[in-house]
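Read through the structure below, which is laid out as structure tokens, and then see the notes.
Which chain is which? They are A, B, C, D and E, in the order written, and residues in each are numbered from 1.
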Amino acid sequence: MYKAYKNSQLSNERRWIIISRNIRGRSKKTGLPPGTVVYVGRRKPADIRIRSISFDEKHIEEREVREIEEAFPLKGQTEITWINVDGLQKVEVIEKVGQQFGIHPLVLEDIANTGQRPKIEDFSSYIFAVLKMIQYKEEDKETKVEQISIILGSNWVVSFQENEGDVFDPIRERLGSDKGRIRKMGADYLAYSLIDAVVDNYFAVLEKVGEKIEEIEDEIVANPSPQTLQAIHDLKRQMILLRKSVWPLREVISRLEKWESNLINESTNIFLRDLYDHTIQVIDAIETFRDMLSGMMDIYISSVSNKMNEVMKVLTIIATIFLPLTLVAGIYGMNFRVMPELEWGWGYPFALLVMLAVGIVMLFYFKKRKWL
Amino acid sequence: MYKAYKNSQLSNERRWIIISRNIRGRSKKTGLPPGTVVYVGRRKPADIRIRSISFDEKHIEEREVREIEEAFPLKGQTEITWINVDGLQKVEVIEKVGQQFGIHPLVLEDIANTGQRPKIEDFSSYIFAVLKMIQYKEEDKETKVEQISIILGSNWVVSFQENEGDVFDPIRERLGSDKGRIRKMGADYLAYSLIDAVVDNYFAVLEKVGEKIEEIEDEIVANPSPQTLQAIHDLKRQMILLRKSVWPLREVISRLEKWESNLINESTNIFLRDLYDHTIQVIDAIETFRDMLSGMMDIYISSVSNKMNEVMKVLTIIATIFLPLTLVAGIYGMNFRVMPELEWGWGYPFALLVMLAVGIVMLFYFKKRKWL
Amino acid sequence: MYKAYKNSQLSNERRWIIISRNIRGRSKKTGLPPGTVVYVGRRKPADIRIRSISFDEKHIEEREVREIEEAFPLKGQTEITWINVDGLQKVEVIEKVGQQFGIHPLVLEDIANTGQRPKIEDFSSYIFAVLKMIQYKEEDKETKVEQISIILGSNWVVSFQENEGDVFDPIRERLGSDKGRIRKMGADYLAYSLIDAVVDNYFAVLEKVGEKIEEIEDEIVANPSPQTLQAIHDLKRQMILLRKSVWPLREVISRLEKWESNLINESTNIFLRDLYDHTIQVIDAIETFRDMLSGMMDIYISSVSNKMNEVMKVLTIIATIFLPLTLVAGIYGMNFRVMPELEWGWGYPFALLVMLAVGIVMLFYFKKRKWL
Amino acid sequence: MYKAYKNSQLSNERRWIIISRNIRGRSKKTGLPPGTVVYVGRRKPADIRIRSISFDEKHIEEREVREIEEAFPLKGQTEITWINVDGLQKVEVIEKVGQQFGIHPLVLEDIANTGQRPKIEDFSSYIFAVLKMIQYKEEDKETKVEQISIILGSNWVVSFQENEGDVFDPIRERLGSDKGRIRKMGADYLAYSLIDAVVDNYFAVLEKVGEKIEEIEDEIVANPSPQTLQAIHDLKRQMILLRKSVWPLREVISRLEKWESNLINESTNIFLRDLYDHTIQVIDAIETFRDMLSGMMDIYISSVSNKMNEVMKVLTIIATIFLPLTLVAGIYGMNFRVMPELEWGWGYPFALLVMLAVGIVMLFYFKKRKWL
Amino acid sequence: MYKAYKNSQLSNERRWIIISRNIRGRSKKTGLPPGTVVYVGRRKPADIRIRSISFDEKHIEEREVREIEEAFPLKGQTEITWINVDGLQKVEVIEKVGQQFGIHPLVLEDIANTGQRPKIEDFSSYIFAVLKMIQYKEEDKETKVEQISIILGSNWVVSFQENEGDVFDPIRERLGSDKGRIRKMGADYLAYSLIDAVVDNYFAVLEKVGEKIEEIEDEIVANPSPQTLQAIHDLKRQMILLRKSVWPLREVISRLEKWESNLINESTNIFLRDLYDHTIQVIDAIETFRDMLSGMMDIYISSVSNKMNEVMKVLTIIATIFLPLTLVAGIYGMNFRVMPELEWGWGYPFALLVMLAVGIVMLFYFKKRKWL
């Protein structure tokens, strides 16, 4: 069970670190300059999906388009436009977005290359954010790491996801049902909401981890096995992965809060502070889990050593009881011509009694030593 | 004994990290925007309790009210009003407080959501503080983590507790008996007194932990068992919990000291410095306890390994003494036709003497090697 | 020996952390406001001792008084007055000092409460310092932690000690004999001299620890025992205690150096820098000792495991030599009707020779494997 | 396999730290002042290779020259000149470059001494960078550390490599084929491209390490051996080496970004930021690998201890089953005159049955204890 | 071999930390004020040696004098004078230097007291530096820590060494032979050269350590013994010692670089930067060695545990093979009246065959389990 879970988790983690780089390395070798947009990741057969929502306080229009050009806002339009692209395999889509909104080639490269570290960068006319979404799929016991890129402009937001996901659905719903302040506030608040949705997702993963820790904890007490150790180790590794995704976010959001970008309204700042608090909470929980897992590791090792101790005790007790008895039997098995005891009528039962007595004395000795 | 203690402790800790988030996550999925006040925690059947104290240097009026509106200070009133709400399950109470004093929705959300991290935020017209109170209930051997929120306004303080508690009773008494400077100073001093009461509580928990460490220390020397290890581990975990509650407080109070908020008088600053010192003392004690627990862990492991060593020695001694003796017995049990010793009249006692001699020599050897 | 030493050390450390707090906690519950001066510590039967020294460059007057009032300097007096109080149990003495020199109630509380952390605070008209003195009493093998408070005013210094001690005797002597610059410089230099005496004391404790480490080091090589481990552990704990006392001092003195207090003359600054260097040296030595103790721990554990290994080898050698021999004896002890060897005249010596040969071969094998 | 790999890796690492210093130390002893250019490294028989490329947006001229003087740009030339020197053994080449471009003697010394730490220094008229290139050669399973020095002037770049390498080939190609912006931007962009090529190389090494970690991970589960441990240890050491090469780079590039050097154009800054991101990614991956290797170490140790446990169990089971049986056989081997069982006709099969029964009971007991 | 090496190393380290303090502590008790110059260290019988060099760009005069006064530069002299004093036991020499150049008494105290930490202090009219020189004497396998103090004035440098050493010989030579820039630059460059010579010395020690690590590494693989562990431990301790000597230097030199002292010329700054780089390299190497030693420790422990495992296996194999055989022999040694096998003519060889078969089966089983 844990095995399967582990393998998939591993491959994901490794993908993030290595595979993407592998491909990139090769492309570099063929002489591609920096800023060339090349999709780096697992090329998936599925189509990409482009959804566009335009809204102001009164109207809202949601469309799913085939070509990215159809999603672009009209010139001079005051409504806020949110374009969400699921799937990065068509680099021309990314490039067209770049041309439309005047995005720097390096940013486009970062969007396509899924080996990015979470970061936020201010390009004065737009803000670019890369996040890592972590999802734990119950059905195939897999932890998926997915890169999400968000570009915030004056009155538009473009978001890219590696796969089609449901993490932004609540936001779409809130936009549609006109609940809360999301329709009343600007594009910056929309971007904040997207990041907030990603951060909220971490809590779900942490919950899963928490449940697993609980399971393992019971196992350690009841029946520690090498599988238990493996499971602890897998969770530790997952914590490394989570930490790597969340830790840079902390700095990133804290920086965002301090920027004096004219793209971010004063009123959104308090929400960024809230978001920062959430990130800290996630990091806190990760650190706590790490500490707990370390403690479990110690208990596991100690309990294994305790088991060994017990085995040793059994061996020692058996040897200590039977070796003297065997000696007694050996002595009366000797063939000396003159051995008075052998001639006695009660010699045999007496010998048995001696053995019994020795055995009982030994047992009492062990009892006293608290070995039994 | 430790088992029971541990379980409850665990569930508390986990509740803080996970369960609250669980509910929140769900509510989010249904499309609730940030700033929606939803109670997150263990919904308790008990009623909430609202107490209001209005006082100036000469008068004091203490009331317990049914509806939160009755507790609000009148307009233009110069007296200081302290409203204390025990129980967070009625979110409408929190919302009404929010309307009355003009509190930001995100703050109200934080009050209701008991998964907060200790923090202090300045909203210019009021200051908002979240603290964690830790109480160790002797009767049910449970460590309870409780969230306490304090809002400080110009001449009012509102405090929220998860459960009805007695931590603020000394302050109520001091207000009533007019001892000390609490009646003479402003709302800021009252808020400081509340935070100080919470910090003072940590010392009580540390005391309990200190006693437990003492108990376990004796146990390690006298009779180390896997339960001892479990107990050490539980205390370590409790230290993690305490640390998590107190560590952010340090920064928080240090920041408070530096703020130039017009809500905090110059004369209160020195008390904040004192409060900061107390927090550092708590953190120091936690770190010292952690170091001590680590040391105990090492001693435990080493003493278990020593026990094993002893068991091994006993086994080795027994085997080393009896194997040669058994060989002697075996030799004279052989059935060779010509074995002169067997024919001797004193052959049998001689053989026994040989065995005795071998045994004694072995014992001396072990004595010399300091194995006995 | 180490046992006795440890117990006393422990109780001291714990007293600092816990007991003081215990009493304080209780007093708080009865509604005492902050700033109430309550003696917290071991109430000792001995009397307090008040000594006062007034001096300028030409005159010096040393007195021992009964009532603190007699020690106060006269108004308008230009001489420097140093009042030293040994014993804190009479809080009225502390309070009177407070009234005389206009000390803040929280400072007085800190003086009486021996659970303070080393710190220095600037109150513009006076500077308040709390230090921890550590003394190792050879006679009762006890490490004593004692709180020393020093208040520095324009031309006066008041120092409080928990117990009557001799740490300030050299300063008294230097004052009396007019050696060095102590009579020529101001009250700030006197205060510096007092702190310097406390810091110098740490070196003495470190020396003791160094000697103990040397002793244990020899023991580990010669004859490691669980007592050795206990001793290492005790020293480690003492390092924690020392560290806790000295570490804050570092920051404190460094801050003192930077202050632009008009109580501290320019010419004293260079001595403060020297003092700071000494503190760093103490911290360095503590860290070095900690590293050394960690290394000794590793060596201890490894040497215990080596011993176990040796025991195992002996067991294995014995079993490996005697089990085959016993089998040979067993074979010729079988009762088969037809066993040609038994009938040979030289069968018995031959069998013994076989056994001998087997044993010698085994021994050679072990020799080759370097087990002997 | 790992052995061979390790040895070479080791000698490389050591070379970096020690050998270079060794030679240097000697030269110093003969009284050479700082700033004397002495080649420190493995003197290789191969010739040095000097290549020069001059280009502007329209023209490009690539030459391989024999004497360094031929490569120098003409006075007043506006084209950008890149001189690449492979091989450092001819110090006169370095010295001539120094004279031509006015480089400080200490810089020349640093170029020749391959024991440098990665760093970047601004000399106002030129910028000097030292990097470490790490290459893993599959054919001889060796990790090679090579020092690369880059000097950036107003319109020239000089780069020094220890050995002739192919890491800059893609850049040469890009220059030749006029792809991307490399021909359009200045010398600073060329220098950036060179550093970027070095950093990109780290990813390739990390990939190799990642594959090795995967291999070892399977080995630990399937068949842990001391070789596995050795391999983990070797990778750990390689991580130390990588870390040492990359960590200073981080700071170095971050500093470069902040400098207001007139040698670096505004437009290059964003590429430096990208480079910085890559460096952070490398460091992240190194840290993750380190964590993973630590975890593998723990699993290895635990699995070895598990194996021992199993061996112990087998021993205990064998001893526990056969010792009682041997006793039974011994008893009926005794020579008492009166032993009724011996006279029974079914005594022998009965005894065998007893033995069988004891054996089976023992096996059941172990089954119950989960030892089988 | 390592033993001898260790003892001397230890006593040195301890001397630094403890003995010096011991003496100082005592002197303080007798009432000496701060600033009293007392030699603290091992009083050596050898004479002190005073050498003086005066030089400008054209002339140089080197003298060895008996009395320190003869070495002082004449008033108004523009040449640079370097006075080097080997041996600190005559405090009057230090005091006279103090009077001549107007050095603060605390500085003189620091020169005489060899328990100083590396530091640099600016006294506006002179700069005072304390360094630790570490030398590994091959002949007596001893690591010597020696304190070197350097005072830099406007046109003079005074250096103090504990013992007569050869570390400054290359500088004397360079001065004499007029190579390099040392004669052309000021006193600050001379002081830099002295510090540089000390730092260069660290590389020599590191080289020795590197060789030792190599030796031990081979030993661990070939034949790990407790001596190996001791050697690792000794090297670890030496690293602590080195670290303690070099770490403060880093900060010290970095600070020197930033000072705007009129004693240090602009042109010397770049050399200080180079010196700083060297210090960082030393620290890097120390950290790398520490990591390597930690790894070796792990491998040692693991290889010891592997050995134990092997011993256990041998024991188990022996017991598992011979116990069943012994049982068989025991069975046929039973004295039952009716035992058909005993009557068979081929019973005896059959029994031997059974034993052989059992033994072979067992061996195959162990082969399969990979225990052989």
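Just so it is clear, contacts are C-beta pairs under 8 Å (C-beta built on N, C-alpha and C of every residue); 3 or more make two chains touch, one makes a residue touch a chain.
Quantities reported herein were computed from a predicted structural model and do not represent experimental measurements.
Asks: Considering only chains that satisfy the touch condition with chain C, which of them also satisfy it with chain D?
Replies: Chains that touch both chain C and chain D, as defined above, are E.
Asks: Find out how few touching-chain steps suffice to connect chain A with chain C.
Replies: Between chain A and chain C, the shortest chain-hopping route counts 2.
Asks: Indicate the whole-number Å distance between the mean C-alpha point of chain B and the mean C-alpha point of chain C.
Replies: 27
Asks: Please work out the Cα centroid separation of chain A and chain E, and write it as a whole number of Å.
Replies: So the centroids are 43 Å from each other.
Asks: Name the residues of chain E that each touch 2 or more other chains.
Replies: As it turns out, chain E has residues touching two or more other chains at 305, 308, 312, 315, 319, 323, 326, 330, 333-335, 339.
Asks: Beginning the circuit at chain D and going via chain E, which chains come one after another?
Replies: Around the ring, beginning at chain D and stepping to chain E, we get D, E, C, B, A.
Asks: Write out the stretch or stretches of chain D touching chain A in their complex.
Replies: Per the touch definition, chain D meets chain A at residues 170, 173-174, 177, 179-182, 193, 196-197, 200, 203-204, 206-207, 210, 214, 217, 270-271, 273-274, 277, 280-281, 284-285, 288, 291-292, 295, 298-299, 302-303, 305-306, 308-309, 312-313, 315-316, 319-320, 323-324, 326-327, 330-331, 333-339, 370-371.
Asks: In their shared complex, at which residues does chain A touch chain D?
Replies: 10, 13-14, 17-18, 21-22, 24-25, 28-36, 104, 106, 110, 115-117, 119, 121, 223, 226, 229-230, 233, 236-237, 240, 244, 297, 300-301, 304-305, 307-308, 311-312, 314-315, 318-319, 322-323, 325-326, 329-330, 332-335, 339, 341-348, 351-352, 355
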